[in-house]
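Shared between the two complexes below is chain A, which pairs with chain B and chain C, respectively.
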Partner chain A sequence: MASAAQSRIKSISYAKYGYMFIAPFFLVYCFFQIWPLIYTFILSFKGNQANNAQFVGLDNYSQILFGTGSSEGASAVHEEFARALGNTFVLWFGNFIPQILLSLLLAVWFTDAKVKLPGKGFFKIVMYMPNIITAASVAALYVNLFGDSKYYFVNATLMKLGMITDPVEFVAGPTASKVMVMFIQTWLWFGNTMIMLMSGIMGISPSLFEAADIDGANSTQQFFNITLPLLQPIMVYTLVTSMIGGLQMFDLPYLYHNGANFSKQLETVAVYIYYNFNKGTVDQANYGYAGAASIVIFAITAILGSITFYMNRDKDAIAKKKQRKKAEKQMKAKMKQGGLSI
Partner chain B sequence: MSKLTRTLALLASIAVVSSAFVACGGGNETTSSSAAPAAENSSSAAPAEEGGDSSAAPAEEGGDSSAAEEGGNEEGGAEAGGELEAGAVNLPDTDDTLTIVCWTDADLANMFDVYANHSDANVVYQNCGDNGADAAVKYATYLNSGDDVDLFVAEAGWILNYINDNSMSAPLSDLGITTADYADAYQYTVEIGTDNDGVLKAASWQAAAGGYAYNTALAEEYLGVTSAEDMQAKISDWAGFEATAAELKEKSEGKVTMAATIGGLWQAFSTAKNAAWVDGTAIQTDVAKEFTDMVKGYVDNGYVNPKVEQWTTDWTNVGLQGETLGYFYSTWCLGEGAQLEQHGGTDGNWNIVVGPQEFFWGGSWLCVSPNCNTASEASKFVKAFTTDASIMEEYALYSGDFTNNKVAMDKIVADGSNSNPLLGGQDQFAVLSDVAAGIKMSDSITKYDQNLKDTFLDVLKKNIDSSTDDIISAFTTQALADNPDLTA
Partner chain C sequence: MSTKSQYGEAKDNYHQKLMAKSIAILVVCILLTLICLVPIYILIVNSTHSSNDLAQNPSRFFFGPHLGDNFKTLMNNLPADAGKAAKRVAAQYSSAFNLGKGYLNSLIIAGFSTLLTVFFSAMTAYGLTVYEFKLNSAAYTFIIGVMMIPVQVSSAGFVRFMYSLNLINSFIPLIIPAIAAPAVIFFMVSYMKSSFPLEIVEAARIDGCTELRTFVTIAIPMMKPAIAVQAIFAFVANWNNYYTQNMILKNADYATVPIMVSKVLAFDKNVDNGVNYLCITLSILPIVVVYFILSKFIIAGVALGGVKE
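Take a look at the complex of A and B:
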């Protein structure tokens, strides 16, 4: 039997100290994170330029999504947003697919016990290196290497070698600049993805590979039947983070340009948001469009994220869970009938 | 919990909280101008004639400033301090520090150096970013923050947003300064400084007049032109400019273009077109159409290379490699280390002429904050740099800036006290004063103009191979998407 004092002590809660310690963070979080998030929603229902205090309902959404609405330029607004959204997806696919293929290949090579690559550590470091350079430096580097005229290194070299007669517009050209941005993004991020996938592969029990070896499975069979299925959780993680990053892609598309203004042909949704939000002084900026575009990209991210999770859910576990529930139900039904069937 | 753990936890949470605030402050530099102990002087309420006994801060500039010093002495008598007079102010006079918000700190540092010879007031500046475009946005935040601000510097591109907003700017008449004080100023600066209701809200210390700077060696080789006068005679209008471009192309076998960039042509062409960009809410495209027709002809004939853009390495290279005859430059391109020097004008074989059209490019204006609380000092400062011919002359010679005062500039030109080694000793002020006097402004400038002009140039450069109609419609589309306030 516990004494009165003991039971009193039991009821002392240290939780309030915990709350006190986390309170500062949550206060700051509410002020600087939650409120801006909510305010973005509010802004998306308000007007643009001189009307930025006026409530306009869904006007901004109908303008950017369907090209109908109060302003005369509604269809142009829609076109620009649609172009930005298209660019976002093109740039994301164009860098994600080569990136994941390259990283997967390298990760498998680096972790394969049979392929004894010399200097593994060196390669890992070198391949991860680009990721630690800021996008600003990378953009400056590439703009200066791949400039549009004959004065820049790559064009000058290609022309000297006689491979081209006129300089290629790597920066201003509509297609070439997109390809360049995809390439740079891939170059920046494949090292990071590779490290991620390697940790996933190393988490797979080596005995599985050994067993497969003994059973005579070749590398391809091992890859498709052991590595890939067991790598799924890491793949989902990579896919989701890359998708969120890709839909928010801002730095390189914004920075990769000649002269003073960003390139319209590389305008992603994030650039669109920034441009409209930051265009001149308060009564020149389009807060409504920027807010609506943010919400739309948020919704797209949420939907795509859910789809990815749904497609990659563990089907075996779900099937097992169902089975167990079914068994439990049957058990319960039997209990109700009373008596045990022996 | 042990004391150590608790302390660590507390430190960690403080770190988290404080890191959240890190981004909020900072970024602004404050620089004080006056070397003399200023607080004692300026705390006295009497607006004028204060601190007359304080000795002048020694002028640091070289020999050429002596002329300016004399000019100052003729009028004032006193060597320094107390010679400035404030107007009849209509704003409070409670503070003793004159705070100027700017992004052009290099300009202001020069101004403060000059000002220290004439006043020992305590003047400081707050720098918001390092370029005009950033400042446009940062100012709004700063002005709303409640921090001390008496005057602020606005750029040509977005000044209208500020002077047409009474919560951001006060009329200059509150400092006892009226349009009548600007009889000697270049008229276009006054027109830009006047808001939609006809109230004078801003005054400029500089006239950012521009001209056509050209490589004299190339001009002599291909055009046989040996003097700036001959050059000006050849390109005194756009027809002459085009004819010269054709001649240049033929003689140089297409190696040398007449103008470096479409952007430069546009700078010259767009400034003085006496047509509105926005009528009511309707976007006007007449000037855009005219320019598109002209430039498409230039590009087709190879008078300008459409691939070269301003502010890029190419911009520099076409000058260095002698692939262009000249550039359209503003006054601020002609100083030491500025564009002219970067683009190859190092051995003095460049000259500047008025060119086909008088234009200005950029420029900064002083505006009064409604929260100004050092009205007398602010009044003195604005008057000194925008109306006082002798101080403006001194400033022009000290900084190389083209000041906004005809008397001062005419005097420098007449005295021959300025010569630019980058231009082979030519006095750029002589040319630019002709330009500044000839600039005509449109009657209806709007706050949308800058964005529309930029958008147009961008669309034009991207679609230079399309037809004029397509370019104009692409421009209208983009302009409408950017500005829901406007109509086609």
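Take a look at the complex of A and C:
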């Protein structure tokens, strides 16, 4: 019943338009992302500072990873990188654990139909708010509120209340500053994680909870036997994106300090990379170390990313594709048989 | 009879328990709300106090009378009889935190980046969902695969490349790369798969509509909800992007809002706490105001798996 126009359209190939529509993305992506990535890879095999044109092989890698290599200060280079990696992990772990626990608790409460909570929408809006504030401003805000001397808001208030006698070094103190960064990271991200988990919980069929209710399961039992197992894919996704996000932690650790220089006790891998390629002119910067550290991070991200990719793949689509291929094969086989019989 | 009363008791108990639980949850939520809002409130309060007042009593909870004075210092608009020290402070702040220029630079970068991101991501998503071609699934797999590569990984090469192209202190490396936003494409492809009927494209073809025109006049209006959500997230992300902006924009004339804040934060001498707080307030105010206007929209977007950076 197809009209002439329709059948003509069917015979036109539209494939070239597909390529035209996706071309801008690939051109720009290759120019501004792929090539810089390859260039970073190349730089990781080249020297630092004035030697930045010289090929040094794996020297940068052996310096940052094992502290061995041509440079005299190789062990210092390794120590700094190892410390940055350690800081990154400590800061990530210290903000992820409270963040996921708090978000999970809130998400369960907010989606519980039995609990009548006034102002649910308002709470959600307020709790997400820190996430949209410029991280640089957040760092500045906390440095000014939690300044180290008695002339800053938090120390002054705590002393007035008699909770402390001497000001606490929230910014310069090695442990206190780490705890503060963990707290601020949690403050920034718990609203986001909560909303993501909420949408996950709301995807669980309510009849499961109703049935559990009728069977007499209390909310703790429901949480551990229904919510948590069915939330697993989203939890894995949250975990991995948070780990990758943790590897990128930059603005806050870089800016949370007194005075002009970033504080070494908060130096993350992202800060390490940035500091090394961004000091002074090209001849003063350590592109080699920065490049090698970048590639190490890239490798870690690639592993983490492929885990999520594997867990989030569209299982239905893959099954369908397999079926279609199978059907095609059968068809072909039949055609062959048919051809032979003639 | 006894069973009835027992039943009633159980019911009462259940209700009491539920009430207690609700109240406990409410208390926790109010506490968290305070933790979220109090720092912002104290920030705004402190920007209305002078540095001297804050030095005498840093623990202030109510608004003061010096907002105008702090503004004058920030704009380097002091009265003629102001002391030398005050003038030095004003000169320092006004050169590091040039309000008009900073907002304009941030607005240009975030505005154009957002436009490019949503238009080209919609275009790529359209290309991937509407047309069947050989490399279609390979292209989509590539986009998903690179979605999680952190920007830090390629930034050393990026900066060196920009130096060699002489694009340091230019907005081009901050705006043009916005065309390629894999995460936004991923979101738009899933949106199109669920709510864009392909028959419409065929109908447009029968009516003689060209492919590009079909995309611009039919697909884009139909994708408005997805585009709006992604536009908000892209704008916020670009407005807040301190990392890339700080490594490309070295010249003070091109400084954006986050860069200006970091400069104020790095002052060692002539620090005026009141003006410090005012700078931070001004840097977050536009985005907080816009957030509260669009909040319902944004929350819905996050729930849809909105992209975060």
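The definition used in the following text is that the second predicted complex is superposed on the first by the 291 of 342 C-alpha atoms of A that agree within 3 Å, B and C clash if a C-alpha of one lies under 4 Å from a C-alpha of the other, contacts with A are read in each partner's own complex, and residues count from 1 in each chain.
Following the convention adopted for this analysis, contacts are C-beta pairs under 8 Å (C-beta built on N, C-alpha and C of every residue); 3 or more make two chains touch, one makes a residue touch a chain.
What you see is a predicted model; the values in this text were computed from it and never measured.
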Superposed partners chain B and chain C on chain A - clash or fit: clash
First, second, both or neither for A:D148, with chain B first and chain C second: first
Contacts of A:T134 with chain B and chain C, given as first, second, both or neither: second
Touched partner set for A:I244, first chain B, second chain C, both or neither: second
Partner contacting more residues of chain A (chain B vs chain C): C
Touching partner for A:G280 - first (chain B), second (chain C), both, neither: first
First (chain B), second (chain C), both or neither touched by A:A53: neither
First, second, both or neither for A:A113, with chain B first and chain C second: neither
Touching partner for A:G259 - first (chain B), second (chain C), both, neither: both
Chain B versus chain C as contact partner of A:F32, first or second or both or neither: both
First (chain B), second (chain C), both or neither touched by A:A76: first
Location of chain C clashes with chain B - one stretch out of 26-34, 44-52, 62-70 or 80-88: 80-88
Footprint overlap on chain A, where chain B in one structure and chain C in the other make contact: 21-22, 24-25, 28, 32, 144, 151-152, 259-260, 276, 278, 282
Of chain A, residues touching chain B in the complex: 21-22, 24-25, 28, 32, 47-51, 63, 70-73, 76-77, 79-80, 144, 147-149, 151-152, 169, 172, 258-261, 264-265, 276, 278-284, 286, 288-289
Residue numbers on chain C that touch chain A, as the complex places them: 18, 21-22, 25-26, 29, 32-33, 35-37, 39-40, 42-43, 46, 54-55, 57-60, 120-121, 123-124, 126-128, 130-136, 139, 143-161, 163, 173, 176-177, 179-180, 182, 185, 202, 205-206, 211, 215, 236, 239-240, 242-243, 247, 257-259, 261-262, 264-266, 268, 273, 276-277, 279-280, 283-284, 287-288, 291-292, 295-296, 298-299, 302-305, 308
Residue ranges of chain B touching chain A (in the complex, touch as defined): 9-10, 13-14, 16-17, 20, 136-137, 139-140, 158, 161-162, 165, 263, 307-314, 317, 447-448, 450-451, 454, 458, 462, 477-488
Residue ranges of chain A in contact with chain C within the complex: 5-6, 9, 14-22, 24-26, 28-29, 32-33, 35-43, 106, 109, 114-119, 121-137, 139-145, 150-153, 155-157, 160, 187, 191-192, 195-196, 198-199, 241, 244-245, 247-248, 250-251, 255, 259-260, 269-270, 273-274, 276-278, 282, 287, 290-291, 294-295, 297-298, 301, 304-305, 308-309
